[in-house]
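Structures incoming, each one as structure tokens.
Paired with chain B in one complex and with chain C in the other, chain A is shared by the two complexes that follow.
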Partner chain A sequence: MLRPAPDSRLHRALGSEHFAGWAFTLPAVVLIVIFGIMPIVWSAIMSFQANDLTSPPTWVGLANYRALLHDPMFAASVRHTILYTVLFVPISVSGALLVAWALNRKLRGVRFYRLAVFVPVVTSTVATGIIFLWLLDPVFGLVNFFLDKLGLPQQGFLQNPDQALFCIVAMTVWGWLGFDVIIYLAALQGVPQELMEAAEIDGAGKWSSFRNVVLPFLRPATLFLVVWSTISALQLFDEIWVTTRGGPLGSTTVVVVYLYQQAFTNFAGGYGAAIAYVLFLAILVVTIVQLKIGGRRIYGES
Partner chain B sequence: MEAGSFLSIDHPLDLESVPDKPPRHWPFSPWHLFLIPLAAMMLLPLVWSLITSLETPAEAQRFPPVLIPKSLQFSNYPAAWHSLPFGHFFLNSFLYSAATVAGNLIFCSLAAYAFARLRFFGSNLLFVLLLVTLMVPFQVIIIPMFLIVRKLGLIDNVGGLIVPNLCGVFGIFLLRQFFLSLPVQLEEAARIDGASRLTIFFKIVLPLSLPVLATLAIIQFMWSWNDFLWPLIIISTPEHAPLQLGLSMFQGAHMTQWNLLMAGTVMSQIPMLAVFLIAQRWFVQSIAYTGIKQ
Partner chain C sequence: MRRILIGIVGLLTLFLAAAALTTGCGSSGGGTSTSPGASPTGVVNITMWHGDEDYAKKADDALVAQFNQTHPNIHVTALYNGGNDFALQKTLTAIAGGKYPDITYIFGSWAANIVKSPKVVTLNDMIASDPSFNWNDFWPAERLAATVNGKIVGVPALVDNLAIVYNKKLFDQAGVAYPTADWTWDDFRAAAKALTDPGKKQFGFGYPADASEDTVWHWEAMLWDYGGDILTPDNKQAAFNSAQGVEALTILGEMATVDKSIYIDTTNQKIQQTFNNDHIGMLVTGPWDLAGFPDVDFGVQVLPANHQTISGPDNWVILNNGQDRVNASWTFIKWFTDAKQQMYYDLQTGALPIRQSQQKQPDFQAYLTKYPGTDLFVANMSNAVKARPTIPQYSKISGYMGTAIVSVLLGKADAKTALDQAAQQTNAALAVPGP
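Let's turn to the complex of A and B:
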């Protein structure tokens, strides 16, 4: 019978940390190389190609990026994305802070209130879109009914190019608020009790003790939420695709919607890849700037 | 990206604990004046979709809207169920979620253990490489992903949903951080007793890691169950669509039949909502611990 002696080379190699390390990581590495690293590199190469996703691609150098600079549709999608992001991020994060502050106390029914705030978190983006499409329906919608009751004029909402993007903001704040509240509630539980009480006692110093004492404790959570919400806002797609598909009159065409249309409707794969890399770069820069500013605030003042 | 600093898994977010408040002069807390309208606004969209789903077509298509239907049209639900293959949608979503949860638990934990405990050739470089992929948004890789999955012959196939999502870098990081926090003495003692690395991994490390494994499972389940963009790109046949894509196909087919559309929407949200209501504490803690929604 052939069995390696306990001190044979093969046996030692098989028992080594090198072998074990690679054996443990191999399945993950194979999957991540194929579906993570390879597409990143491929996408970069593709952005220098004319690629219709079927016939062999041709090298076009910087032509895709140059075309992007002069594409008014792309410029509009960038404007829409920026407008959406600068509305969504402050509204959702500061709104969540207020709600978390209200929910972090002994109150009759606080468990119900928390549940009401958390439930939209598990509602899918597609369902959110369909439900808001119905709520905001210009003809039969419930919101127009309320406006009517208040004696206010009927609105077009998602069918009005001047209002659609704001409706998307409202819809996504509804869907995301609970997530932000959970993070803030967790952070609030880390604030020492005495400090919380100081900010709760009625009187002139209430606001300033909240701002100067409690808020610094919440800065890591705030920084995380601002960075994370910005990244998600720049990648917005689902809610728009379900409700407006980028319309009316292109008023809700954000960058990822434009990317999808270019790559999978017009089959301009190279152009789509160039849009994707510009988006990647923008996200990277914005995140680094936010972390730099936020990090200084957290660690610089102590 | 993780937010582990806000909460550790040893000191989970306590939903019951609320700070004591100083005595008040009001008969009731003024916070109710803020929280009641807030709760109404958060619940209204869901309640209204439920009401519409039980109305007749005539009731749903009226202005002013019928706030309380005369009789409850439960028949809208079977009608919606049969108008598109909802059974397939649920089955596909279940397969997609179950397979990706299982895949991530197995592959991520194996790799995470190696990165936490073993020093092997190229481990640092490999780890940095993974870190880079974590920063790249999904949209950047979506076009080549489509081509790769097409090359594998998995377009319009549930396999095309599952295979690329079997092992996420996020899971490796999450579990590695946790494994690093475990006391190494237990494993060393087992090693001296002659246990193999696999035995140590399965018999000692994994049983100690159940909370973080549950967290990864919940996050991955939510992500797969609610995924829309990737199925939209690779699936075209209704029979192969998971739930969210199926729901949007259903929307396309019944644009103005709001009562049916709402029945389908409510139906599609019930499983996730039920799981959430049963395991609310776990969901909330998982989100707080990882800081991840999608």
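Let's turn to the complex of A and C:
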């Protein structure tokens, strides 16, 4: 078998590029199927069951989905998620553009600044959560300490139901800005210098040249970051779970937090799976819309 | 030619990968033997999953080694499950995968959920046919927590209760007398107020307010002490919004919003450190927390007024891997939870005795001396006469109660409105048949 006869069917099959390619990638593909695709399919099946993850499940058809439509706590989690997303995405993307623009020059220590901007991205979410918990502690935190020194009133931050979600926005923008900055830095360095000089010669001001020369070049990066940030924001879980756990009084309960509570605290696995699929469909729709609109702007009009 | 060799190597990679995957999947579950019952040498192998680390794990290992030596036809392997917080999920995953241990550690609050698994062995018959096991020797709170609708789902593994743990130095500095057994709840409130000093950022009392079960069970002890109940005796309606319940939550709310004597930790991650750093005068907590206060000279006292407290026992659950292994597991767990063995474990770890008869063991006094404050926690077990309902809806109900308590603590609602709303949600949840 080790050396099949030349020109035999086996010889041709083994020698084909298709076979070699598939054979080498198959182990990785199998892993992805087992740990990625199978849970996705299993979740879909679970969403049509009443499954408490302990005893044999029963089929309930669309009952879980119907229940979601009438669930006020799910509706609240959707509102919190949308509020978080419409704050997080514009702030982090435009903030990253400003920072990248500032760092895209030959400053002294620019390497250090770029490192400093990226460190929060590689810091574990648990570490970030603990740091912010104590920074924002109403009694012992540094932030309230400085507010006091400035004569401003003390805030509840993560312990105030009206402020907690905004604190989470601040915390996650801090944590993820560096990623967007890196993308923008790379895009900025693709802007041809001659165009900038030509604009200057033509008498364009700083803002005008930025708007008309630089921004169009950044459109692909911006589209990518907006799509990516939106997907991440809609799936937010870690940062909330290590700080407020969805509190206080449910003010930071976003969709994935609610899903976790339903599936793993209340043993309603089928219900949790249904929530996961509603979220999946929502993200799919949002992403398609964004790509259609963004794509048209980049490639449609010239 | 080269293409052929690449193709052959690719084929080999496929086979290797397939082999690795099947053996990898096959040997999960950590050493449980695939053969049911006894191996050819007649020894029955059983596995036990526990959540102990450090010196507690050493105590477990020593006991297991001793059992294996004295019982040559049973071999027990004790495995650390990575921490008890996820013991239920891991156990359920193992059961779903078909390879699960014989004995596993399950929080008491999950008893009503795990009983639904077909692999859980109900122990009523084994206990009834073996009087030397002495089921009534376990504390009443433990027996209640291990029983779901009359079915005994586990053997008590751990027991605790809540009492006042106070910082003697802060009491001395404020000139307040230490808590006594004659305290009323008004005395408690007054002491907390006297110990509160905003200038020093010091609070008289600390409360975990993340609306989780931690928030709820602390209040449930107060509810019982005021004479209230969580649910009606038939477990069909909420009872916590009675006059006694409203009183119990009102005093807590006024301490928070009027006296401002409570450090309200809505994240439930800062309270222990804050107490250890001399910024809280009193906590209501259990023996597991004491090791986290190395910098505090603490005292322990029963809860005020009627001293009613709450206990959170956990269970050893036996899973069905065939009759031989179930019998072997019963033999082992009976030996392991015997007074003598448990006294050894408690001496090593400071855990509370799970059997009342342990108080008559020869090394009981040495145990009390070694772990200050434990004597009060042991005596306090007789104050834990009520237990939380062992029904599957309890986690939902706990969520409603937790939200009510936190909204009162944060001054967003008054006790009666908050409890009535939680009661409404509870009754709706209890009206739904099934899980």
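In this text, the second predicted complex is superposed on the first by the 271 of 302 C-alpha atoms of A that agree within 3 Å, B and C clash if a C-alpha of one lies under 4 Å from a C-alpha of the other, contacts with A are read in each partner's own complex, and residues count from 1 in each chain.
Criterion: a residue touches a chain if its C-beta (ideal position, glycine included) is under 8 Å from a C-beta of that chain, and two chains touch if they have at least 3 such contacts.
Here the structure is a predicted model, which is why all the values come from computation and not from measurement.
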Query raised in the report: Just chain B (first), just chain C (second), both, or neither: which does A:264 touch?
Result: both
Query raised in the report: What is the contact status of A:17 with respect to chain B (first) and chain C (second): first, second, both, or neither?
Result: both
Query raised in the report: When the two structures are overlaid on chain A, which partner does A:245 contact: first (chain B), second (chain C), both, or neither?
Result: second
Query raised in the report: Between chain B (first) and chain C (second), which, if any, makes contact with A:135: first, second, both or neither?
Result: first
Query - Greater residue coverage of chain A in the superposed arrangement, chain B or chain C - result: B
**Report entry** Contacts of A:88 with chain B and chain C, given as first, second, both or neither
**Finding:** neither
Report task. Would you check which partner chain A:27 touches, where first means chain B only, second means chain C only, and both and neither mean what they say? Result -> both
Report task. Return first, second, both or neither, reflecting whether A:74 touches chain B, chain C, both chains, or no partner chain. Result -> neither
Report task. Classify the contacts of A:157 with the two partner chains as first (chain B alone), second (chain C alone), both, or neither. Result -> neither
Query raised in the report: When the two structures are overlaid on chain A, which partner does A:56 contact: first (chain B), second (chain C), both, or neither?
Result: second
Query raised in the report: Where on chain A do the contacts with chain B and the contacts with chain C coincide?
Result: 17, 19-20, 22, 24, 27, 53, 130, 134, 137, 139-140, 264
Query raised in the report: Which chain C residues qualify as touching chain A in the complex?
Result: 3-4, 6-11, 13-14, 17, 21, 89, 92, 113-114, 116-118, 201, 209-212, 263-270, 274, 279, 392, 395-396, 399, 403, 406-407, 410, 412, 434-435
Report summary line: The answer for chain A against chain C in the complex is residues 2-4, 11, 13-17, 19-20, 22-24, 26-27, 30, 50, 52-56, 130, 133-134, 137, 139-140, 158-159, 161, 243-245, 247-250, 261, 264-267
Requested in this report: Under the touch definition given earlier, write down the residues of chain B that touch chain A in their complex.
Outcome: 1, 3, 5-7, 13-15, 17-22, 28-29, 31-32, 34-35, 38-39, 41-46, 48-49, 52, 60-65, 106-108, 110-111, 113-115, 118-121, 123, 126, 129-130, 132-133, 135-148, 163-167, 169, 172, 197, 201, 222, 225-226, 228-229, 232-233, 243-245, 247-248, 251, 258, 261-262, 265, 268-269, 272-273, 275-276, 280, 283-284, 287-288, 291, 293-294
Query raised in the report: What does chain A use to touch chain B in their complex?
Result: 17-22, 24-25, 27-29, 31-32, 34-40, 42-43, 46, 53, 99, 102-128, 130-132, 134-135, 137, 139-142, 144-145, 148, 174, 176-179, 182-183, 185-187, 189-190, 193, 196-197, 200-201, 220-221, 224, 227-228, 231-232, 235, 237-238, 241-242, 256, 259-260, 263-264, 269, 272-273, 276-277, 279-280, 283-284
